Amino acid sequence: MPIDVAADVIANQPLSADYNVLALAAPAIAAASAPGQFVMIKANAPALNDPLLRRPFSVFEILRGADGTRTGISILSKRIGVSTQLLYDARPGQRMACLGPLGRPFTIVEPPTEAWIVAGGVGLAPFATLAEHLRARGVHSTLFYGARRAADLFYLDFFRALDVELVLTTEDGSAGERGRVVAPLDRRLSSRSPTAPVMIYACGPERMLAATAQTAMKYGRPCQVSVERIMGCGLGGCYSCVVPMRGDDGGAHHVRSCLAGPVLAGDQILWD
Amino acid sequence: MPIDVAADVIANQPLSADYNVLALAAPAIAAASAPGQFVMIKANAPALNDPLLRRPFSVFEILRGADGTRTGISILSKRIGVSTQLLYDARPGQRMACLGPLGRPFTIVEPPTEAWIVAGGVGLAPFATLAEHLRARGVHSTLFYGARRAADLFYLDFFRALDVELVLTTEDGSAGERGRVVAPLDRRLSSRSPTAPVMIYACGPERMLAATAQTAMKYGRPCQVSVERIMGCGLGGCYSCVVPMRGDDGGAHHVRSCLAGPVLAGDQILWD
Amino acid sequence: MDLSVRIGSLTLKNPLLAASGCFGYGVEYADVVDLSSLGGVVSKGLFLAEREGHPAPRIVETPAGMLNAIGLQGIGVRRFVDEKLPELRARKATVVVNVCGTTLDEYVEVSRILSDADGVDAIELNISCPNIKEGGIQFGCSLAGTFDVVSAVRNVTRLPVIPKLTPNVTDVASFARAAEDGGADAVSLVNTFLAMVIDVETRRPKISNIVGGLSGPAIRPIAVRMVYECRQTVKIPIIGMGGIADARDALEFMIAGATAVQVGTANFVDPFIWSKLLAGMREYMERHNIARIADLVGTIDTGHTVAERSGV
Amino acid sequence: MDLSVRIGSLTLKNPLLAASGCFGYGVEYADVVDLSSLGGVVSKGLFLAEREGHPAPRIVETPAGMLNAIGLQGIGVRRFVDEKLPELRARKATVVVNVCGTTLDEYVEVSRILSDADGVDAIELNISCPNIKEGGIQFGCSLAGTFDVVSAVRNVTRLPVIPKLTPNVTDVASFARAAEDGGADAVSLVNTFLAMVIDVETRRPKISNIVGGLSGPAIRPIAVRMVYECRQTVKIPIIGMGGIADARDALEFMIAGATAVQVGTANFVDPFIWSKLLAGMREYMERHNIARIADLVGTIDTGHTVAERSGV
């Protein structure tokens, strides 16, 4: 059951000219969140109508007090419009309505299955908590992480500290391999023994997700993708967030990604 | 010529649960402002549409640097709605679009004329700078200042320091005389020699202004009132701010208070 | 304090309904809202058959509003009766079903099925969806069409029949009259305003259907005016909506002439809005010494506004 | 880079005009804006005689918009010609005069006076003011009335005639067609949406005229849709407006089909908006390699939106 919290901004750390990490005090949401779930945030005062709607953001980190209790969450935000601008400019002491946790989380694998995590840009967001959960179960994880340039690769030490193997790509070649992140994924899958189990987790731009899902299918690997649709409500009320999927009946159906997702089976989505 | 400044909030001092004094860095507006003029402030980011319009505020204080140069202005704001709420909550470092100075200022008298200033509530705002100007000319000033209760009487020491004589009233009698501010004004006018010149300046709620203007007329005293109309533009563009006035032709006309006012001749207004 | 209002033969425990298309089938919200605390839940629009609706993007935010073209995705009336109605009934929700049709016969057939089902309290006839060509707007934009659909459905059901009017017409009050003449128990208004947003970078519409329906606070002043106009014209109750986001807004519609109100877009912004709306209404009634909220309906005071002034 | 556009026989140096009633008589803004830098200045609405308009309060803010009922306060066409036109001419403004009338004869007479005056570049026929009963809306809400006014004025002037259409109709494009048939050189749209706001504490309307006209960003998506519809229907140029607040918005109207645009409410928010709008347009043209802004008009791409998708 999601709750709505008037969350205090604890801290707001800019990571670059576009990215920031916003820490919010929200113990109850933090306590209930599972990796892959999201929150709906109203970046301005509730009574103000512009921006009007809340915006969906993955739970990035679970924040903990000195005694280990969950005190809040952070979100990794990329500035692309009016609400993310407000999040970028937010100051400690402000409050923001934060509704969550919402949506269906990732299904977490057990050893000996390996986790291959594929992240594009701000698509890194759901994977900080996922990597922690996988680590706790002793799953070996690899993060394929692509960004525009070296300066847009964040939290590498965080993942290293969780013993996550990093495979980096940048479009301009300023760090890791030059090009898109699906290329090294494909190579690794092609050289991997088909009997060694791998679960692929992906989040990022639509085209990257489609390419990842198709690559996974090519090698017969399961793939959980976290999709991003424009969401009006996050609770199943508006039917704005649909993804075309193959149903059990074999037919094509529009599925609400806020309820059935955001984590969906990559091989059931009808990619454009 | 008015200018538009993206003014930094220098300080924001709450005076009560509803009143605050907001200091804005705006040297050019400060340099050009005359007592009684106002500014139009957009309390949220310019790109946000709620609230949409700017709001008018009297220039309260002229702020000066250590060397006496004008560095900015303050406004005395009373929280009554969405924009004044944003002004109440504003924090240093924020910016606000501030357009001014606007409107026709008070006409300032010379000795031996005395200045009798009548202020109701937040209607005090235009009189801080007026009192300074009057003092500089050696005019003896009296401030008739009414508020709901003692806690809503602000800046008394400021006016005392300018040798302004204070006549206070409160509706609940918690300071000064109990009742409305026009009562002591009327008594003083009735006992004043008709040949001793007095200029009345008034700002406050509409009914107080009407009563003040009518009292002034009763005793044949000139009276400059600063009116408050809902203003869309502050520049004469929208015709929202009109006041019904007797014209030179003897007819009744709607006069834009942002251009012809906000300071208008009390005896020419057609009070309801 | 009496918050109840009457819509035809139906008594609502309070005047607050969740608007069609903005509350799923109601069951989606059972976790966050006590459905029985609402005056009513209006279902998503239902045809006879299932529909998949338009491809995404289906919504885009606009200044103080949003544009949607969902395309009436829905599970069809039979699955609704089988899969959703039992839970709504179990949760003691007052259920209004939003009925769509591509033909007059479909409206009649869907209404007949609902009349036979257990747990439907009223029928809202959606003759005003701007987002699909065959979505009833051909009825809702013609006085004769409005009359025909209403009277045809009237003939097959004892449930209250509430046509929902489109605001995209010159004279909405004439449509309210046509509905009244056709035997409607009430009218609801407004549905969304036909509108569009273009991405200037790609020069393409921002939603897949090119045009969509505008809702939210942006449209509220127009919707209030339309409720006011209809109140001058018809005797049947009006269910008002369009941009209601707090108790003040709901009261504004009631003072303009609405007996009940629906809340759509604001429920997206705050799914916990319902208890706040109710609390705000109660607080207002107390402050203004209003014992029955029904007494507030249509009490707008226009007499003094202009006349009182000395004027020029 | 060519920002000029043509409206009938008139060439505007750029597509940006100040909207009627939102820029005084133009002269009020001479201090803050170089009037000759605008595509044009549209005057406040003018009748033959002076008018004092409605009592205050005349405006109220609404979500992302504002409601006004000024009541067409104005100095009358003769005083305009004598007192304002010389200064506008001296400042090299392109002057469009917004013409009002309570009768067909008054429209004709005001237009005739303006045609004889020196410095008027076009006539905008206000047949769409929602705020006064005798304000032309009786012409603007009837196809025949629209045709009649336009053709009557057409007969007495060589100036471009630009009727301004109301959005408060079912099918605005049919009114654009009637205007075109009557001989209009262009149409402007939209005027404001009839709307109201009630103070729930006093139960009185917030503006003295009870109802007023809604403008500002709130209405933009509806206005864009109407421009798009008219563009499919008529050949004459369209001057689009309704909630334009930045260069993106102006470009959106042009892509939808407007040859030029007017800015009203946003000028209240930022009287220095004009140079920002021009700069934003130039930046867009550079980025998109558009040499002539006129080439952008009506270039909306609706073909791919739905079809391109695999869909369901």
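Order of writing sets the labels: A, B, C and D. Residues in every chain begin at 1.
Operating definition for what follows: contacts are C-beta pairs under 8 Å (C-beta built on N, C-alpha and C of every residue); 3 or more make two chains touch, one makes a residue touch a chain.
This one's a predicted model, so the numbers in the text were calculated from it and none came from an experiment.
Colleague: Chains in contact with subunit B and with subunit C: which ones?
Modeller: Shared contacts of subunit B and subunit C: A, D.
Colleague: Select the chain at the greatest separation from subunit D, using centres from the mean of Cα atoms.
Modeller: Here the answer is chain A, farthest from subunit D.
Colleague: Where among A-C, A-D or B-D does the B-C interface show up again, with more than half of the contact pairs the same?
Modeller: When the residue numbers line up for over half the pairs, the pair is A-D.
Colleague: Between subunit A and subunit B, tell me the centre distance in angstrom, where each centre is the average of that chain's C-alpha atoms.
Modeller: 54
Colleague: Just the number, please: Cα centre separation of subunit A and subunit C in whole Å.
Modeller: A distance of 36 Å separates the two centres.
Colleague: Distance-wise, how many Å sit between the C-alpha centres of subunit A and subunit D, to the nearest whole number?
Modeller: 46
Colleague: Quick one: which residues in subunit B touch 2 or more of the other chains?
Modeller: 47, 49-51, 244, 252-254
Colleague: Which residues belonging to subunit C are in contact with no fewer than two other chains?
Modeller: Each of 52, 55, 63-65, 216-218, 309, 311-312 in subunit C touches at least two other chains.
Colleague: Viewed as a graph of touching chains, is the assembly arranged as a line, ring, star, complete set, or other?
Modeller: complete
Colleague: In their complex, what parts of subunit D are in touch with subunit A?
Modeller: 63-64, 308-312
Colleague: Quick one: in the complex, what on subunit B touches subunit A?
Modeller: 44, 47-51, 82, 91, 93
Colleague: Using the touch rule from the top, collect the residues of subunit C that touch subunit D in their complex.
Modeller: Listed in rising order, the residues are 52, 54-55, 62-65, 67, 141, 168-170, 193-198, 200, 202-205, 208-211, 214, 216-222, 224-225, 228, 243, 248, 251-252, 255-256, 284, 299-302, 304-306, 309, 311-312.
Colleague: What does subunit C use to touch subunit A in their complex?
Modeller: Residues in contact with subunit A: 21-24, 28-29, 31-32, 44, 52-53, 55-61, 63-66, 68, 70, 73, 216-218, 245-246, 265, 267-272.
Colleague: Which bits of subunit B are touching subunit C when the two form their complex?
Modeller: 49-50, 244, 252-254, 270-272
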